[in-house]
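Presented below are the structures under discussion, each in the form of structure tokens.
After this come two complexes, each holding chain A, first together with chain B and then together with chain C.
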Partner chain A sequence: MSPRHEEILHTADMLRWELGEQFHDRTVEALYGDAAQIAKKAVIMPGKKTRLNFERTLDHLVTNRWTGFPLMFLLLAIVFWITIEGANVPSALLADVFLDSLYPMLKSFGENIGLPWWLNGLLFDGMYLAMAWVVSVMLPPMAIFFPLFTLAEDFGYLPRVAFNLDSMFRKSGAHGKQALTMAMGYGCNAAAIISTRIIDSPRERLIAILTNNFAICNGRWPTQILIATIFVGALAPAHLSGLVSSLAVVTVVLIGIFFTFLVSWGLSKTLLKGEASFFSLELPPYRPPRIWQTLYTSVIDRTLIVLWRAVVWALPAGAVIWLVSNIHIGGVSLAEHAVNAFDPFGILIGLNGVILLAYIIAIPANEIVIPTVLMLTVLVTKVAGVGSGAGVMFELDSELATAEVLRTGGWTLLTGVNLMLFSLLHNPCSTTLYTIYKETGSAKWTTLSAVIPLGIAFVVCFVVAVVFSAIGLT
Partner chain B sequence: MEIILTIALLVGGTVAGLLWRKGSFLRAIRRDKARVQLEDALKHIYDCEYNRLACTLESVAGTLALTPDKASEVIARLNALQLVTHDGRELRLTEKGRDDALRVIRIHRLWERYLADETAVREQDWHSDADKKEHLLTPQEAGELAKRLGHPPFDPHGDPIPTEEGVIPAQRGKPLLDFHAGETLKVTHVEDEPEAVFALLVREKIFPDVVAKVAANSRKGLELETEGRMIFLSAIAAANVRAVAFEQPDIAPEASKTLLSLRLGESGRVIGISHTCRGVQRRRLMDLGIVPGTEVTAELQSVSGDPVGYNIRGATIALRRQQAEMVFIE
Partner chain C sequence: MKNIPEQCEVCPVNKQARLVRLGVDLSNYDFAIALAGNPNVGKSTVFNSLTGLRQHTGNWPGKTVVRAEGGYSYDNKRYKVVDLPGTYSLLSTSSDEEVARDFILFGKPDVTVIVVDATRVERNMNLVLQVLQITDRAVVCLNLIDEAERHGIKIDERQLMRELGVPVVPVIARTGEGVPTLLRNIADVATGAFVCRPRRGWTESGSLKKAVDTLAEKIGNEFPGLPNVRWVALRLLEGDQRIIDAIRSGELTSLAERAELQKKGDTQYVAAS
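Right after this comes the complex of A and B.
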């Protein structure tokens, strides 16, 4: 470099300090100024000076003190109703095809081509059954819920919900858009984790990810309803039992919301204190939803990706479930060894060894927890005439029969209540954990998102168990 | 059985903890305590020269919290490395010593800039965090950090960040106490030590680039008016701030109208974002199009009244109360 060049570079270096810190601000201002000038010359805006009348009316209704929240609850209720009612038919159909027709065919096919019994069991009773179960329970609600949700988003309604709820979330250090990711979590936590991308502030996004688990996903709704009916509903007179068990489920949902706010607040004050935080929320104009595009993106981006991850996890888990039930050491299956080992701790926190083992081996999806619990209970208690053999998950047609099996397994009211709480609070399923890892790219946050809820679940269940024994209920 | 479970959990937790802290953990072991002392001493001597103060063995011992014996050992090593000379009492840096000091200072200030711009770490914690980081980053890593931050010229206290070649300009401005009543000034530097005084300045939102008018200057202290607020700074606090005279502030010292004063349907023209709004927060507001001259209309109120939706350049943007009060309008 010639001395002349060096001199120029040196001068440039010195000028940087003279320009000062506000140089960036000035540049942005100038850019906006120029852009506005150019737009003014080149763009004609015909008519539309103010916003459309109907938009104003709608916005007024949606953000009004008296109509805002009732409207929101009504829409939410409708979406859930359509999802639950609408999912029944395709779910039954898929179960019919995958579980009732294809499964026996595969089993006998395996026998016919001379597979050894253990390979036949591992492949079809274990891996195939777990996968088929996950697909038939998970796919229909997701395929209905996600498009509905995306339509509401596309129409412009959901940003208004975030707008209305922001003040509540702000107080716990979170972002109003977390209301949307929570609502998504009621459908599927894994998909909800992907949807936290709408929160662009790093701290608030991590809060939404780490607390999403407290929204019970569609794999946990049936568990909640079943256990509430068997254990809580049964306490009330027959004509009220339906109401009482629904109230129990609603209470669980509210407890979940309570923990969402509590943990959000705690995280924003401690672990996430140093993460950058800012608020921004755009309220786009209302527009007619693009139905086909919405269907395509919600089915491809959300439903199929999540389903694929669930299937990938269900296969090995199905193998594990079958193996622990069928490998024997000293004449006793691995599953029984594990159940016996977990029992003291399980009973200490008002659950039992079967439940803990079921939550470990059924980690890929909450949908298969109850079938696994039933199978393990039958395996451990050696009840005759129920179920389909060691390592084969099953469900019973009637609640009475299920209650019968669970009571034989030593379940009490406390076990029922604590299972509902544990199902609400425990760690996310492996599909969700994997999604969290993909989204955050961090082993630290993935670990915490499992450890924090699990710790809370243990503590809450333990406290409930202590309270139950203190007031003499068992 | 619980015991086994507990042990498993504890071991698992520890291993996980170690794994994710591995980076800083291993580096902490590698960190050479002696090197840290040498670098800290160089930095101190450089500070003295920059502020035209005499640097002595005692001041080194005081700043590094060492016994005089230990301090003279450190200085002897610096001398042997030809980084420092001394004529009797006063210590001076050699050319090489100054380069080394500037390298450490560059990393320190870049890191403070990073903490200010890209994290929500408290102002009071910037300095101590950067004190550790300055010994850990290599010059290459510092170069990458500078590139990522857009080669910032100043740290968040207003101190210039030396270039890679070790170029640094002379100090700007004069002490705040030298300004008279009626003068308008722009803060150029806020000293971050001692921490108690700095915390007080942070609480009063005195940052570089804040523009203020001196309302009164007496022996007790200084009264300032800025962005519609009156601030009293004791003489001790004011002594830690430097400023330059400044004639045309975008936000007048007595300005008081912000977006908060708009009722639904009303509009205002932006004159600027408060200079106490910094880092990501400020960039974000500017990215939304909130720059001087932008017309903003309050359009929509949420159920609880906060946030409020504003029409900014044709888009409806919800801003929280705490953001709206940062935007000054005509």
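Right after this comes the complex of A and C.
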């Protein structure tokens, strides 16, 4: 290193000493002064600030203490309602094509070219059906939900949500920007984990990572929506059931937000002690959303990418489901052995062995929980007339038929409610866990991010089960 | 009649025709372009309209956390575009500002495109002036002019160009309006056909002048060819550790040498054309 370089640095030190502490302020002053001068010469501002009035009124409404939150939940409820009501028809249509028409064709094709029964079963009853189920159940709600969400984002509503939630996040010792990463989590937790990079403080970033799971990702929406329709919506008269089901889903979302705050607060008092840091969030102007572009990008980028991931994971999971249902030990299939082993603990926490086994098989992707549950239920209870054999995933023609199978399997309102809660609270999927590991580089935090939610899920389900039996609802 | 389309393709008026979006194909690029700007001014939208990629855009600040890269080809030259995280300034050192600052300084982009929100010109100028201290190869992309118009704001972009000493191009990135002109200006600055004279006067205001002058002279003698002597002086006076390290490690020396070579190259290019 050259002495002349050292001399420059030395001169800088001396001058800095002479200038004193106000140097930074003076720099900023000079900069801002010059910027103002340029703007004065080149920009002609309007005499009247008419346009601001509309935005200001809107901002008053959506960020007001009294109207902000109700509006937020109303908007959320409307989005779910549109998703639930709108997804039924295309879902049935896709199921028609993939399951009722293509599936028998594939099976007989396999037989015709002389595939051994086990390969035919593994390929078409296991892998193909798992994939077809995922596509017909997931594609329609995603194709509706993502564009709606993106439109709200494009319009400029998301920062207002962050603004509303900021004070609550700060009170729980977390960063206000966590509201934004949480919102991303409603799309995909793995993507949201990456988006926590906008939080500078490592402590607050870890809190955001560890609690992101409480935002239901799109893989869990179908479970929530289906179970809410079957068990909660069915309690209401037919014309209200859609509304009641969406309110049930909104309630689950709220419970998730509650746990986000609770766990953030708990972490900031114990493992991740510290004060919340300040940040400034600019409320951007409202912009008219670009409808077609939004539709295009959210369908192509978000929906298809997420769907592709689900399909990729559904194939091996389908194979596993078929195998555990068709490999027998002592005359009983592996699946039945496992279900029987999990049953005592499952029933204790208001679930059952089938659900627990389904969650183990479906670790790679939350999307395939419901098909796995149905298949295992049929297998274990030996319901006559539905399903097509061991390890065959199927689509039931209507929600009523699905409900019938589940009720025969011993499901009650408690099982439904607890499945929704378990789906909300349990550990993140393997992709998210891998992302957490990559982002934190720590096995400890990755483990904690799986163990904390799972523990909470068990405790909450257990408490709900106790409450249900105390008031005699089971 | 047959040759009319060909005529159109070579006509300088039809500039869009010469744009080929390359997506993530970054092989053998001729020029590197950095996209800088305040948060939420539409950098990602500009990025998408240049590269044909669909980097997720959203109306909230801080959306771009990962540095995105893409490419396009224009007038038979290949360009690499780097979308930097949005920052309000380069003075403090939060991590996103450091990413942006380091890339503009050490990443040596051939052109830095500063995207400016036309509805908030004054505040955006703070960043523009700071970037112009670091690099003398910049283009200001005045985005969202439709929104500014809607709000009754009028911008005299020729005046702005005279004040800043770099090209100023009004665009509506969402619809692609003005993008052909932006491409032309980027190409002109990249090839040296347009030589910027960036406005740097604010470091000469009374109380700063003496100290910056003294230090800048020393730095200028030691690193001839360094295009941003006064800015380096300013950072040293602030005690910026990254710049101190760059001097000690010789990083700044190689930066200065490269700048000098580039300058020579440019004169040759201009002479040849």
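By definition in this document, the second predicted complex is superposed on the first by the 237 of 474 C-alpha atoms of A that agree within 3 Å, B and C clash if a C-alpha of one lies under 4 Å from a C-alpha of the other, contacts with A are read in each partner's own complex, and residues count from 1 in each chain.
The rule is short, and it goes like this: a contact is a pair of C-beta atoms (placed from the backbone, for glycine too) under 8 Å apart; a residue touches a chain by one contact, two chains touch by 3 or more.
Because the structure is a prediction, the values reported are computed rather than measured.
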Chain B versus chain C as contact partner of A:19, first or second or both or neither: both
Contacts of A:33 with chain B and chain C, given as first, second, both or neither: both
Partner chain in contact with A:404 - chain B first, chain C second, else both or neither: neither
Which superposed partner A:167 touches (first chain B, second chain C, both, neither): first
Chain B versus chain C as contact partner of A:154, first or second or both or neither: second
Contact residues common to both interfaces of chain A (with chain B and with chain C): 16, 19, 23-24, 28-29, 32-33, 36, 51, 281-282, 284-285
Complex contact set, residues of chain B against chain A: 1-2, 4-5, 13, 16, 19-20, 118-121, 150-154, 160, 163, 165, 167, 169, 208-209, 279-282, 284, 286-289, 291-294, 299-307, 309, 313, 315-320, 323
Touching residues (chain side chain C, partner chain A) in the complex: 39-40, 54, 56-62, 65-66, 91, 94-96, 119, 121-123, 125-126, 128-130, 147, 150-157, 159-160, 163-164, 174, 199, 201-203, 205, 207-208, 211, 214-215, 218-219, 222, 233-234, 236-239, 244, 247-248, 250
Sites on chain A touched by chain B in the complex: 10, 13-14, 16-17, 19-25, 28-29, 32-33, 36, 51, 59, 63-65, 68-69, 163-164, 166-168, 170, 176, 203, 273-285, 341-345, 348, 443-444, 447, 451
Residues of chain A defined as touching chain C within the complex: 1, 4-5, 7-9, 11-12, 15-16, 18-19, 23-24, 26-36, 38-39, 41-48, 50-52, 150, 153-156, 158-159, 162, 177, 180, 194-195, 197-198, 200, 281-282, 284-285, 287, 290, 293, 297, 300-301
